[in-house]
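This is the structure I want to talk about, given as structure tokens.
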Amino acid sequence: MIAVVKKSATPEQLDHFISWIEGRGYKTNVSKGDNETIVGIIGDTTQIDPFLLESMDIIERVQRVSEPFKKANRKFHPEDTVVDCGHGIKIGGGNFQVMAGPCSVEGDNLFRIARAVKAAGATMLRGGAYKPRTSPYSYQGMGERGLDLLMEAGGELDMPVVTEVMDPRDVQLFLDKGVDVMQIGARNAQNFPLLKEVGKTKTPVLLKRGMSGTIDELLMAAEYIMSEGNPNVILCERGIRTFETRTRNTFDVNAIPVVHHLSHLPIVGDPSHATGYTRYVRPAAYAATAAGADGLEIEVHDHPSEAWSDGAQALTPSQFADAMKRIALIREAITADLNDGETSGTTLGEGTTKVTKVGA
Amino acid sequence: MIAVVKKSATPEQLDHFISWIEGRGYKTNVSKGDNETIVGIIGDTTQIDPFLLESMDIIERVQRVSEPFKKANRKFHPEDTVVDCGHGIKIGGGNFQVMAGPCSVEGDNLFRIARAVKAAGATMLRGGAYKPRTSPYSYQGMGERGLDLLMEAGGELDMPVVTEVMDPRDVQLFLDKGVDVMQIGARNAQNFPLLKEVGKTKTPVLLKRGMSGTIDELLMAAEYIMSEGNPNVILCERGIRTFETRTRNTFDVNAIPVVHHLSHLPIVGDPSHATGYTRYVRPAAYAATAAGADGLEIEVHDHPSEAWSDGAQALTPSQFADAMKRIALIREAITADLNDGETSGTTLGEGTTKVTKVGA
Amino acid sequence: MIAVVKKSATPEQLDHFISWIEGRGYKTNVSKGDNETIVGIIGDTTQIDPFLLESMDIIERVQRVSEPFKKANRKFHPEDTVVDCGHGIKIGGGNFQVMAGPCSVEGDNLFRIARAVKAAGATMLRGGAYKPRTSPYSYQGMGERGLDLLMEAGGELDMPVVTEVMDPRDVQLFLDKGVDVMQIGARNAQNFPLLKEVGKTKTPVLLKRGMSGTIDELLMAAEYIMSEGNPNVILCERGIRTFETRTRNTFDVNAIPVVHHLSHLPIVGDPSHATGYTRYVRPAAYAATAAGADGLEIEVHDHPSEAWSDGAQALTPSQFADAMKRIALIREAITADLNDGETSGTTLGEGTTKVTKVGA
Amino acid sequence: MIAVVKKSATPEQLDHFISWIEGRGYKTNVSKGDNETIVGIIGDTTQIDPFLLESMDIIERVQRVSEPFKKANRKFHPEDTVVDCGHGIKIGGGNFQVMAGPCSVEGDNLFRIARAVKAAGATMLRGGAYKPRTSPYSYQGMGERGLDLLMEAGGELDMPVVTEVMDPRDVQLFLDKGVDVMQIGARNAQNFPLLKEVGKTKTPVLLKRGMSGTIDELLMAAEYIMSEGNPNVILCERGIRTFETRTRNTFDVNAIPVVHHLSHLPIVGDPSHATGYTRYVRPAAYAATAAGADGLEIEVHDHPSEAWSDGAQALTPSQFADAMKRIALIREAITADLNDGETSGTTLGEGTTKVTKVGA
């Protein structure tokens, strides 16, 4: 962390500031320029609030030079994290997985959809039992009965189940039902009590980026979960909010290689929410795969126009089946060893991937 | 709500769509243009998910023509809502209130700060006992002990206390302690379980806009609280996230008159979070007042550089005292009857304010 | 276009409004709901300013239902446009091209770089002679001498040259030099005199999206060029400005399929500007290709740290060569006929592509 | 400027980097932490492209610590700049001016509107002769004939005329006509040839912030004009583009005190474009005034629904007259000497304003 001290500061004020910093256990390094003096603050600065320093009269500006996250930081954990989701399915470190299923669990059609996505190559089953809806008048999900249906379908098809938890009071129920992966939705990306609650378990967490969350905030949210003791975090880019209105969100595909650079955690793409329209889901899924995502989460429904929520962004099973073949070809394209002296797998993080397993 | 039907739709497809809509209890109106056909959907369309309609093959686009919120809508409730915060303090409908105090409760200095802000004209005491912090390594607040100190200070000074609740499991504790106004922070603007929980009480709620929340989403969050039975909602504009980095957030001062146009609920401005720097807090406070806000929430601290959180944006008591005088003058400027045939109070909502009470 | 009329409007006011609209040559359709009346306005509404209608007392809101662009609209021109860039290179309609070269022309190393990119499979040469720089103190480009070097290199290697024009007074010089494709940069995305000037020529234009330009505004800028008589417009997605700071811009990869849906014009991706960091250029290039882009524009430099501008985002020739192989594989993945009854090429526009030619 | 060097850099690489920097005439200061080394680069770093340094293998990150603008920087020019607009009207340094008039010049009604705004207290006349319109099919302005009408009205009423120039080829015409203040619109905020062209004159320039322009970019655009020799720059905040759609733009009222902090140049607010709806123009005008703006630019029209462009955001003359009285009261509120030992005028820049002149 560096603090830029104003030219107008007196030597006494500067000394006082340096003593104050050093009194908190940090070392300092002072560099005087013509128009300002820079004080380098050396040590574990994750504990310092930069806004606090900026409130001091003599301080012009404070800038972090190192990331405020530690457990999620690739610098301190260079190897890719591989998260074991159960049923033999691992994600990260070259293991690519596709989670598919309906937006909301509606009833027995879940089994039909689940069989279709499994047949097409999906390795994990997604579906919502508790739905965060912008309107209190919209359908809010089947609740516990939805969880039961999901676990039954996951058991029948030997697929781990991914489903969203919205309320810290529900976490124990999710554990009791045996949910394989608990999803934290975009609206709860900074719901700290919920993050802490899932952090107290060992169940893998699929953590979605907030609608206006920076990549650093996504990693700080992961840090909340990890600092409570749960290292099994899978990140998810699902689109951010911008001024563009032709799609529901703007898919920040750059976030995929940026996360691979900054963190060892796996990251998947969610092309359904990132676009909001069926007709754009496949191009976005291909883009996420090509950018090096460790997996995808895709909504599939057999009669989209009857879906109880978000039907507008679901693929049909046959669209999904076609997409899965192209996704596999794209994975090959970016991970192939081209046998010409160039290192392969260059879209991925700094820990180069040697082996890629699509699915189990 | 209107649905734009593609030119390529056959008459049979159009008929089928209209039957489907009418089968759900809506009336329709069909308007054929050269390049598309528009179907007006008449009735209570808050129940329809526009994304669902857009998923249908023959639909080009769906647009709402009426707001998706009802209880918060000025159309159905033209009179300004006045929220009674206790201790004789009302907000809205011409009653302007200033909530001031430290960002975090730190200990006995709370009493000193509270006396200072009361002396300067603040009518409500704000302070955080539970703090939502981006980093798990940052100070998280005093918790229950902080609530006790706040209630003691509020009692001593006869001021309603405003303080943030982050976890639905804490709502009962806040009720037990007698907190006058429960604040929902920006990060919980779409934490629906929390919104529902405070909605089940009658305690006034200060509801902050989310960092990337639209004004419509702010009103939908209010709708969540109101639809559970609690009509006492005070909205708060506290800055949104944009590309600008010279301030912590971008203060969307337009939101104040827009909310007054769309809703009957009071709205206050939070210039501390909206700027993030002490030096910009006063101009932003004046701007919010001039734009017609029903009140302000301002952080005040007697030794900002010792504050445990967000000290960078606190005013000193003397800065606050100066500001309060100018704020009162600005209130007068915008509400004065200029005696010249022009209607006064034109910055406020469509229900023109006749009487303005600054403070109690 | 529809106008939502307030409930408070009298029948006389509504009649007056309808007469006013019809007096301008439009037909109307009136649909009365419980809370508002909707007036459909039928005819060529590209001439109506919706903000003007919204200024009327009785109007609640105005919404377009059809796009404000015509010549660039796929509805009125369903077939993909193929732009002939000279030297036998066509782009669009299944023809995929890669434009590569240095950010700025610096001197003779241009020839070395041009040979390298051609050897790796690039089919067009890009390079800047006139550079738009945020700071007046930054290097502004070689100017006319740079154009001469580019044209010499393009001639020697039989590649069309793409280079940016910033000033309407320079367009004639670009024509005189024989520049093959004139690029309009993001900062000039709404520089209407410049758009009109290039619109008066027949030279292909590579039109970049503005930093905060919507997709509709990009298409309206194309409309400016086309309405002057030049149909040869190639669009370019190069990243938009958002709150995220870990990359220089946010690459809106969704824009690629959205443009294919709305327009018949080709669109290329610029992963260099869309990321700003060499380490993210390749993943972004793969993502753009996978999303169905008609081509790429990539900065390549043999000694990036000596480049005079934007060196931070250039690939080395060997990185570029590796990338080109993977790009070709990704093109195959998304356009392959999978021989299973599913339509191929589904990532592209509604006019399905049968044949894909990578390069000439 | 500081460069953060990766932990993985060898001592030789670090030495090589330091030599490279020092070879360019800068001094360095090296600070070694546990996880990275920070190299402070001391000297005039406005010449260094931070992206270039970041392209080097051993560099983790580069951050500016001083602003990239010099002539516009308050640090090097502490006193407020006062711009003389002619006709005895000065702006900045405590002189507050209101520019009012129609969006577009339409004909003789200009004189009627001009007389009305002057009667209400406006001191400068604004009106558009050349209009930047998103659609090529929208009205583009009267051109030279419009300039003549404006100059005639300005002469008759003894008011300086502010009008937009869009094309560098038109600057000479504006000089020949004697335009008092040349406006650069938001869409041309980074049109560098145009900025340079007006920079070669001595005519005051009203420079609008770009729709997605940061405050730093606004000041860099001013720097372009000033570096060509024209110091007479008036900045204008007119709203930025965000995700909010209930207003045309988001009025970044924070920008006013931020500009006063960073720069000595005057800044005015444009509440008409910042909101886009007549009903919000007055609250936004009051907010800008309260935040310390040096003036306002407001659209006024006597029959808004007949205006040829942007009529939706114009005030009527009587609305404007009411607003002017409140604006004067707000100016008093923020600049009053409250006689209590507190410094007055605290919303303004660091050079405290002693005397405030509203109007001439």
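Note that the chains are named A, B, C and D in the order they appear, and that numbering of residues resets to 1 at the start of each chain.
In the analysis below, a contact is a pair of C-beta atoms (placed from the backbone, for glycine too) under 8 Å apart; a residue touches a chain by one contact, two chains touch by 3 or more.
Just so it is clear, the structure is predicted and the values come from calculations on it, not from any experiment.
The interface of A-D is repeated, with over half of its contact pairs matching by residue number, by B-C among B-C, A-C or C-D. Where subunit C touches subunit D, over half of the residue numbers in use are shared by the two copies, so each contributes mostly the same positions.
Of the two interfaces, B-D and A-B, the higher number of touching C-beta pairs belongs to B-D.
Measuring from the averaged C-alpha position of subunit B to that of subunit C gives a distance of 39 Å. Between subunit A and subunit B, the centres computed from C-alpha atoms are 29 Å apart.
Across the assembly, subunit D contributes 212, 241-243, 245 as residues in contact with two or more other chains.
With chains as nodes and touching pairs as edges, the resulting graph is complete, every pair of chains being joined.
Partner subunit B is touched in their complex by these residues of subunit C: 2, 4, 7, 29, 31-36, 38, 40, 42-43, 61, 63, 65-66, 75, 241-243, 245. Taken together, the subunit B residues at the contact with subunit A in this complex read 46-47, 49, 51-56, 68, 132-138, 166-169, 187-188, 190-193, 210-212, 217, 220, 223-224, 227-228, 241, 248, 276-278, 304-305, 307, 309-314.
Contacts from subunit C toward subunit A in the complex involve residues 212, 214-216, 240, 242-247, 250-258, 261-262, 274-275, 279-280, 282-284, 286-292, 318-319, 321-322, 325-326, 329-330, 332-334, 336, 338, 340, 342, 346-347.
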